[in-house]
C-alpha cells in the first residue's frame, strides 16, 4: 500500500477550518450562482488579503480558473507567454486551447520555474506576423512549479516590460499561500500591476475551490456568463466560497502553508540526494537515478519524476514531521 | 429580506449525510485526479443504483457535465436534439457550443418539458444537408424542467426511433432523484439504451457534484483527459465523490427527493392559482399575472417567472412543511 | 437535365470582367498573404466604393467572412442579434459557433428579412444575466435573404438603438451589389456607423471572394493572424483581390447587379403565383403548393422551397431574359 | 523594388493550364456547394492520380485543409504528432487549435523535415495520462518543409508503428507535386495506409485550391457540413475544382513541379554558400550569416531566414533559368 503523502500537495484532504466552514455556511437558504452572502463575504476577505478593489469569482479547478482567464486576456489568434514548465504550458491537457479557441501558449525558459528576464525581452521584441500567435498576455506562477518564490522585485522586472508592450498579466497563484508564507507580500499583487490572479484554495488545504480575482475590473463584464459558458458557474456557489472564510478569517490559509514550507525545509535538511532547485516553498526536488527511484517506490513512497527530470517531494498542510523523518530515513538507506 | 426557499432547488445547502461524508473521507492521503478509493467506492454505488456496467466520473457543475458529454456524442458540425425548454437548450449560456466547438442544439416542442414523439420523428426524418447541423444525439431530461416525469414507456418511445437512426442518447438527470422518488426505476436507464447519464447530486441535496455515467464505455476512452481539457478534472477528486457515498449508502438521495416531491404536492394541494404542468416531482408551476407576482415578491418570496411564462415554485430536501403552509397562506391572500 | 438558372445566384459562373482580371493579375511575382500590390489596389477601390477609411481583407467564403467577423465583435459568452431567417442564423451550419467558441445567435423576427425595430428594442431591453448570452453586436443583411432592401432610414432606425446600448454593428453584404443597384447608397454604410461589412463578390458574379471591410479599424489589430488562425489567409492573395479590380474599375459590380434585379422584376411581372415578399433586388418569392412545385421540378427547373415556406427564384448577372420568359411560360402552364 | 521570385513558391501566379480551365468551366449554370459536374470530374482525376477510392472535397487554403482534417482525426483532448518544424506545428497561427477545440500538436525532431523514426517510437511508447494530450494521429509532410522527399520505405517505417498503435495518418501534401516530380509514386499514398491527404494545388501553380482526399471514407460522413461549419464550403465550388482539371488532364501538375525542382537543382549547383538540407524538391537551404543576408536583401532579393536558421530559396513553376543564373551570380558576389 503506497504512501502518497509526498506525491503532491493535492493528496491531502481539507483542513479542519475548511470543513467547519462548509458545515457552518450550509445552513439556510441562499440565492444561487454567486448572489449569496457567503460569496460576498469570501470575496471581501480576498480583496482584503490582496488589498485590491477587484471583482472576485470562484472556480472548481485551477485548470478552469487559468484557462478561462487567459482566454479573457488574449484573442484566439494571440498567445500567452508562460514559463515552459508552467502548469499552463505543460499540465492542462490543452484546456487553454479549448477555452481560448486555439489560443497559443509560448513557453519561456528560466531556472526553477522563474522566467528568465532576457528570454522575456526577446519574446517581446519579436515583431508581429500573421503566421504566428503574437503575445497578448504574460502568465506568471507564484510559487513556481519547482518550489521557488519570485521576489517582488524579480516579478516587477518581468511585469514592467510586458506592460510596456501592452500585454496583460495573469498570475497563477495555485501556491500563492506558500509564497506568502515564504515572505512574499500578498498586497504586492496589486502594486505590481497584475490584472488577474487565480488564487489557490485547493493546494492550500481546501476542498476544491480557486478564486478568480479580476483586478482589472473591465474583465468582469459579464464574467458570470463567461463562467457559465465555461461550465464553471456553480449553482450552490456558497460551497466554493465558504472554505475561503474558513481559511482567511482564521489565518489558516498562510499559517498552514508555513507549516508545509517548514516540512519541506525539514526534508531538505535531511536530504541525502542532490537538491536541484532552491527550497523556498513546499517542494523539494532532487537528482535521483531510475533504479533508486524504483527502490523508493518499492519502499512504498509514491513520488514522481517531474518534467525537468528531478524527483519531486511535495509537502502540504497535512504533512507530519514523523512522515518527513520516516521518508528521510528511507532515503538515507537508498543514497 | 427575501425568502429563497422556493426560488430553486439549488438554494438549499447540503444535507447532513453529505456533510458527514465530506468530513469522513477528508482524512488521510489519497491519490488525486480520481485514482482514489473514495471515487472508486462512489462509482460502484452509482453503478449499483443504475444497474449498469459503466465508467463513472464526476464534474463540478451540471452545465459542464452536460456540455462535455454532448460534445462527446456529436461532431462540431452536428446537432443535439433536445426539448426546446431544456436546460441544455436555454440555460447553459452557450456552454455546449464552447465544449462542442459550435455543436448545435435543435429544440423540439412538447408539453411539460417532455419531447413530443411526433416532433422527434419529424426531426429524425429530415434529410442531411451540408447547410444545417444534422442530429447525432438525443438529449432527454428526467424529471423535466417543468416538474414532470417521463414514464419508462414514454422514454422508450423516444429512444427507440432515435437509436434506429443511429443517434446516441444523453440523459440530463439533474433531477433524476426526484423522478426516482416519483416512481421511475433508476435501473431503467440501462434497459432503455441510454448512452450517458449526467446524474444530479447538487439539486438532490449535495455540495456541488454531478456524476458522469458512461454506459457506452467506448465513450470512456481518455475521458480523464477530456475532463482535464474541459477544466473538470478535480485534483482532490474525493470531495466530488464522497457526497455520493453519503447519499447512496444511506438512501438519502431518493428519500430526501421523496420529501421534496411531497412538499410540492402539499403546495399544489393548497395552490389557489391555476397549475400549468402536472406536479409529478418537486416543482409547482402556476399561471399568475405580473401585478400579482410583484405583490408576492413584496411579501418576501423570491420566485421567478419561468421560460414558458409560468411562475415556478421549487421544493428541495430542505423545504419545510411550515414554509409551504406559510407560502400557501400568503398566496391565498393574493389570489 | 435540370436547369439551375434560378436555383440561386451562386449557380452562375464568373463574369467576363472577373476572368479577365484573374488573367491580368496572374502575371509576375507578388508577395503573398496580402502584402501584394493587387490586394492594395482592390482594397483602395473598396474603400472608395464605401467612402470609408477601413482596413480591407479578403475571405474565400461568406460563411467564413461572417463567422470570423462576428466572432471578433462578441465574446464567446455573448450573442449576436440577427434576423431569425438570416444566413448567419440559419444557413451556416454552426460556423459562428466554431469561430466564436460557442458564441450565440439570437434570432429576431421581421417581414421580408428586415428586422422588426420593436423586436430589436425588446431584445436590447432584456437585462443581462449569467444564464443567457446577452447581445454584443447586431448583424444586418442588405439586401435581405428575401429579396428586400433596407432604406437607409430603416437601417438607421435599427443601428441607432443598438449603438446606444454599446453593440457593434455587422453588415452581411453578400448581396450589397443588388441593394446598391436598387438604390441603396453604398456610402451610407460609413454614415450609418456600421463597424464591419462583409462585402459580397461571389453572388455579384465573381469567382469566390468576399471582402472584409473593417470600418472600425481597431478590429484590424492582428487581423491577418486572425484570418490565418481561421484558415482564411490565402497565400496567393492576389486571386481573391483581382476580381474586385475587375468588378469595381469597370462598374460591373453594380451594373451587372442591376441586370439581375431587372431580371427579377421581369419574372415578377409575369408571375402567375402570389408573390410573398417585395421584389426589390434579385429574388422572387412566391406561394406555391407542393404538387405544383413537384411539377415545376418535373418541367426541369431546379428551384427550392425556402425557409419561410415560399418558393424562391433567384436571378444573377448571368440570367437571360430568354430564360425568364421560358420560366414564366412554364409557370403559366402550372398556375 | 524587391524581387520575390525565390521568396516562396506561392509568390507566383497561376499556370496557363489553370487560367484556361477557370475560363472553360465558368460557362453555364451549375449546382453549387460541390454538387456540380466540374467538381465530380476533378475528384475523379484526383482519385486516379492517387489510385484510391476516396471521397474528395476542396478547400481554399492549406491551413484550413490541414486544420479541418486533423480535427477530424483527433478528439480535442488528444494530439497530433507532427515534425516540430512542420507547417502544422509552426506556421498555422494556431488554426488546428481553433478547428480542433484545443487539439494539441506534439512536435517530433528529425533531419530535413523528415520525422526521426526513433523519436516517433518514443512518442508512441509514452503511456496515456489525463494530464497531457495523447496522440491520436500522425501527420507527415511530403515533400518536407526543408525541400526533402521521403522515400516510400521511409514513410512506411513511420506509418506502420503509428497504425499499430491505432493512430490515423494525415499527409500534408502541399508540395506533393514536387515529391512526385522527384520520383515519389503518388499511388503509394493508398498503399501506405494514409487516411487523409491534403493535396496541394496552390503551390503547384494553381489559383487557391487544395484537395481534401478522404481515403478513409468513414471520415466523409457529413463532411460537406464539416466544411461549411469550418467556413470552407465554397458556393461556386467549380472554381476550386476546375484548376485540378487543368493541371491533371494536361499533366502540368507534375511536369511543372519537375521544372521547379530542376530550377532548384540548377541553383544548388551554382550555390556558393553551404547547403544545409538535401536538395530533393524545389527548395535550396543554405547557411548564411546576417550581414550577408542583409546585403542580399539590398541587392533586391526577397528571401527569408527559415525556422531552422537556414536561408531559404524556393523555386516554382514560374521560376526562370535566367532568374536562377542572375541570383547565383549575385550570390557569388556576396560569398
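Some observations on this one:
Letters A, B, C and D name the chains as they come in the text, with residue numbers starting at 1 for each one.
Criterion: a residue touches a chain if its C-beta (ideal position, glycine included) is under 8 Å from a C-beta of that chain, and two chains touch if they have at least 3 such contacts.
Please read these numbers as outputs of a predicted model, since none were measured by experiment.
Comparing chain pairs A-C and B-C, the larger number of C-beta contacts belongs to A-C.
Farthest chain from subunit C, judged by C-alpha centroids: A.
Subunit B and subunit C have Cα centroids separated by 41 Å. Mean C-alpha positions place subunit A and subunit B at a centre distance of 32 Å. Chain geometry summary: the mean Cα position of subunit A and that of subunit C are 48 Å apart.
Under the contact definition stated at the top, the residues of subunit A that touch 2 or more other chains are 76-77, 93-95, 98-102, 130-133, 225, 228-230, 233. Against subunit A, the residues of subunit D that register as touching in their complex are 76-77, 79, 90-91, 93-104, 130-133. Within the complex formed with subunit D, the subunit C residues making contact are 3-5, 7-8, 10-14, 19, 22-23, 25-32, 59-64, 67-68, 92-95, 98-99, 202-203, 207-208, 225, 228-236, 238-240, 302, 318.
Subunit C contributes residues 33-34, 71-72, 75-78, 99-102, 128-134, 222, 224-230, 233 to its touches with subunit A in the complex.
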